[in-house]
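As structure tokens, here come the structures.
Heads up, the next two complexes both have subunit A, just with different partners, subunit B and then subunit C.
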Partner chain A sequence: MFDKLEKYLSPVADALSKNKILSAIRDGFLITVPIVIVGSIFLLISNFPITGWSEMVASVFGEGWETYLDAVTSSTFDVVALTGVLSIGYCYAREKGVDKIAGGVVALTCFLIITPKTHIAYVNEAGKAFSGFSFGNLGTSGMFLSMITAILSVSIFAWAMRKKLVIKLPDGVPPAVMDSFAALIPAAFAMVTFFLVNIIFTNTAYGSAHAFIYEVLQAPLVGLGRSNLFEVIYQFLSTLFWFFGINGPAVTNTIFSPIHKVLTQENYEAAKAGIAMTNVFTSAFSDFFCNYGGGGSTLGLVILMAFTGKSNRIKTLGRLSLPAAIFGINEPIIFGLPIVLNPLMAVPFIFVPVLNTITATIATSIGILPITAGVQLPWTTPILFSGWLVTGSFVASLFQLAQLAMDMAIYFPFLKMLDRKYLEEEAITANESDELDDLSFDDLVLE
Partner chain B sequence: MRRVYLFCNAGMSTSLLASKMQKVAEEHNLPIEVKAFPDSKMDNIIAEFNPDCILLGPQVKYLYEKVVERYGHLGHPIFVIDSTDYGSMNGERVLKAAIKKMKESEAK
Partner chain C sequence: MKVLLIFDSGLAGAGGKSNPNVELTAKKGIIGTGEMMEPYFKKIGAEVIATLYCGVGYFKDHQEEVVKKMTAMAKKLNPDYVVCGPGFNFEEYSLMCALCAKSILENTTIKSCAMMSAENSTTIDQYASLIPIVKMPKKGGIGLKDSLENLCELIDAEVNHPEHVEGIKTRNCY
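And then the complex of A and B:
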């Protein structure tokens, strides 16, 4: 059965990772992650989860101290479409094999071309309308448009480059001068296209490309992300890929991560506007309440291995992988226990994250687990800290502990069976060695 | 100095293995540098350092064809780390395998 499943899954992983558009979007958003995490730290300080915090700091630094921090938060969270379009453009140019930073800048420019620059709602005394870009178009609601723009503009740019639609200068002009003109015609092609796109959308009922993509594409997709099954499907698929030894999130994130990102950002914007946050399935929820210790939620398993394992193999591996597991890294046990294609471990490995997701979803909907506050932390943040920081409540840390205990209870019987099997094997087999073990480094001198 | 570079999704678990391999190399006074990187940085890293051997973590073995297609012409060995050695983080065996492949490719 596993062989058959692998036959279907491997080509999917292969196709998704080879797809240049999806890789560019995934890698592009990865570039923006550190920026958003630093912004999150500023967001955390200005909304630190301690009652009376704001007044306490105000008594030292004076009222309005948050404004300075918000300048940083805002420049990361509120312009994600802008940083996104630049970095996706850069990554797509890399995939296409053309000048990377030129591609990124062309994408950024094209995005700005189709972004509305006036706000008729804001008119000053002289009757002049506000002129400039508004956060509303550069942040969350522009995210899907930023992906489309980056891919489309760089495609045009790369196409023109490949067609050699560049300015030819007479011999004798230094090559460096030639290079500086190389991007000119391709950039012009991309920009003129978006010049036309802007004219078309401005004259439709939508008024702008932003409104069109938001209503036609982003809102329905993000709507899917609000359905109860969304996170369960994501966790199930990610773990299923891991079971076959394929980095699951690396595959599934190509599709799910933009939706997670938008859901997270919407909570941030709701909190900022002072309205209730409604999105359960944020990146933080996915990282910190569905999975502990890497794919398959194996932190509990590793603890059991290290402290209850009887066979040498399990005990040693458990102790070796515990430090990494605390930070969410578990490849040593995925390949070492192994979990990959191990029928005994398939059931707990695939269903523990699903069960975590279901219990956390229920706990959130009945109000035990607070909703995550738009803060984004590295997925390596350890259990307990992560729960507290993303919700601002210790209840979340306690909830994480309860889930960890549940995970351990589920893994325990399966691990015991494996442990017994390994003990028997260890009793029989003497040390086996192969060619690599027989080789000494003296035989391997490189000239 | 030979460069043996490892790649996986975030360069995290491979960095654990890389540090173990580096330690073995130092113990045996081998002029080898072992480092780990996320696969998204592969282009820049290979362009800048032109490593003598490219190793992929077993969890990204699906990248193998893409990597060979892109960098195979450089003539350096590219291979996926054995998953048992990866699981036990056996730096010595992986390092030996890497040196063996480099020797084979240089003998050609």
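And then the complex of A and C:
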């Protein structure tokens, strides 16, 4: 069965991982992750989940202390489309084998060309309409347009480069000057195209490319992300790929990551606007309520290995793997237990994250588990802390504990089977007596 | 057919990055990642008699000793084949694989190969003309199962069908 499954899955994984557009979008958003995490720390400090926190800090730093922190949060969260278009443009230029930073800057410029700059709905006291870029276009709502713009503009840029539509300067001109002139005509092609795109969309009922892409593409796709099956499918596929040794999230994130990102950002914006957050399947939900200890939610398995394992192999590997597992890293057991291509462990490995997802979704829908805020923490944040920080509620930490216990209960019988097998092998090895018994490097004769 | 495996401590299930200074260790039979490889070995009638390993930190600090002792242990156990790998994209371990396979081929009559992903280009460039290095994906890459089948195809040919070796090496090795 696994052979047949792999025959279907491998080409899909291969196609998705090698697709230059999807890889550039995935890698481009990855570049923005550290910035958003740092922004999240500022967001967390200004909204720390302790009752009376704001007043307590205000008694030391004065009223309005959050404004200083918001300057950082806003510069990361509210401009995700802007940082996204630059980094996706950079990554796609890398995939296309052209000047990376030039590609990124061209993408950014093209995005700004099609971004509305006058906002007649916002008029000041003198009756003058607001003129400039608005967070409404540079943030969450512009994310899908940022992806499309980055890919299209860099495609045009790379096409012109490949066709050698460049200005050639005489030998001896410094390379930096040479490169900037080489990018001139390709950049012009891209910018003129987006100049025309802007004219076309401005003269439609949508009024801008932003409004068009948001209504036609982003809203429907993100709507799919709100369906109950979205996270279950993501978790199932991610671990299924891992079972075959393929880094599952690296494949699935090419499709799911932009939607997770938008759902997370929308919660941030809702909280900022003082309205209720409604998106369940955020990045934080995926990282901290579906998986504990890495793909396959193996933290429970590692704890069982360390404390209930009878065979030396399982006990030793469990104890060695536990510190890393607490921080979400399970490489030692993926290849050391092993889990990859090990049919015995396939069932719990694939279904534990799915069950976590289903139970966490139910718990959220009936109000036990609070919806995660827009905060994005490193996926290595340990269990208990992560639950509390992304929801502001200790109930979430308790829920994580309950899920961990459930994971352990599911893994237990499978681990026992494996433990028994290893124990028998160790007993046979101990009872058999041959020349391999006393293998030692100490008494080797070296020539 | 008797096969000997040379692993690093991570693949051996003795902790990788968390335990990099594991000294040279020999275990009878299959351990760690060997369990994942066993079904493929069985298909060609191969049995893993022992697994030798050490941590990559230990290898870095005692490179010459590790290679010499791995070779001496292979000579003592006298298997039909020594598999040094799978090294995935682990740089130090893949170098260890190449050095051990080269030493075993040069200093014993036992057949051997290394196995690693294309990311180890420096090691591959330096040793691919001297030893068979079976192609494989990086950690988390696509085609792990195929690469294990390719490894076994090479082992089987080297031990039982020498007339097919060159063609298989061209297909399956760098």
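Structural remarks
Assume the second predicted complex is superposed on the first by the 413 of 447 C-alpha atoms of A that agree within 3 Å, B and C clash if a C-alpha of one lies under 4 Å from a C-alpha of the other, contacts with A are read in each partner's own complex, and residues count from 1 in each chain.
FYI, a contact is a pair of C-beta atoms (placed from the backbone, for glycine too) under 8 Å apart; a residue touches a chain by one contact, two chains touch by 3 or more.
Because the structure is predicted, anything quoted here is derived from the model rather than measured.
Using the contact criterion defined above for the overlaid structures, shared-chain residue A:N342 touches subunit C, although it does not reach subunit B. Of the two partner chains, neither subunit B nor subunit C is touched by A:N124. After overlaying the two complexes on the shared chain, residue contacts for A:L439 are found with subunit B and with subunit C alike. In the superposed model, A:N203 makes contact with neither subunit B nor subunit C.
By the touch criterion defined above, A:E425 reaches subunit C but does not reach subunit B. In the superposed model, A:E6 makes contact with subunit C only, not with subunit B.
In the superposed model, A:A324 lies in contact with both subunit B and subunit C. By the touch criterion defined above, A:L30 reaches subunit B but does not reach subunit C.
Contacts of A:G245 after superposition on the shared chain: both subunit B and subunit C are touched.
In the superposition on the C-alpha atoms of chain A, the part of subunit A touched by subunit B in one complex and by subunit C in the other spans residues 10, 13-14, 17, 242, 245-247, 250, 317, 320, 324, 331-332, 335-338, 340, 436-437, 439, 441, 444, 446-447.
Those residues of subunit A whose C-beta lies close enough to touch subunit C in the complex are 6, 10, 13-14, 17, 242, 244-247, 250, 313, 316-317, 320-321, 323-324, 331-332, 335-338, 340-342, 425, 429, 436-437, 439-441, 444-447.
Looking at the complex, you find that subunit A touches subunit B at residues 10, 13-14, 17-18, 27, 30, 91, 94, 242, 245-247, 249-250, 317, 320, 324, 329-338, 340, 380, 436-437, 439, 441, 444, 446-447. The residues of subunit B lying in touch with subunit A in their complex are 2, 8-9, 12-13, 16, 28, 30-31, 40, 43, 57-63, 65-66, 83-84, 86-89, 93, 96-97, 99-100, 102-103, 106.
Against subunit A, the residues of subunit C that register as touching in their complex are 10-19, 23-29, 31-33, 35-36, 39, 49-50, 68-69, 72-73, 76-77, 107, 137, 139-145.
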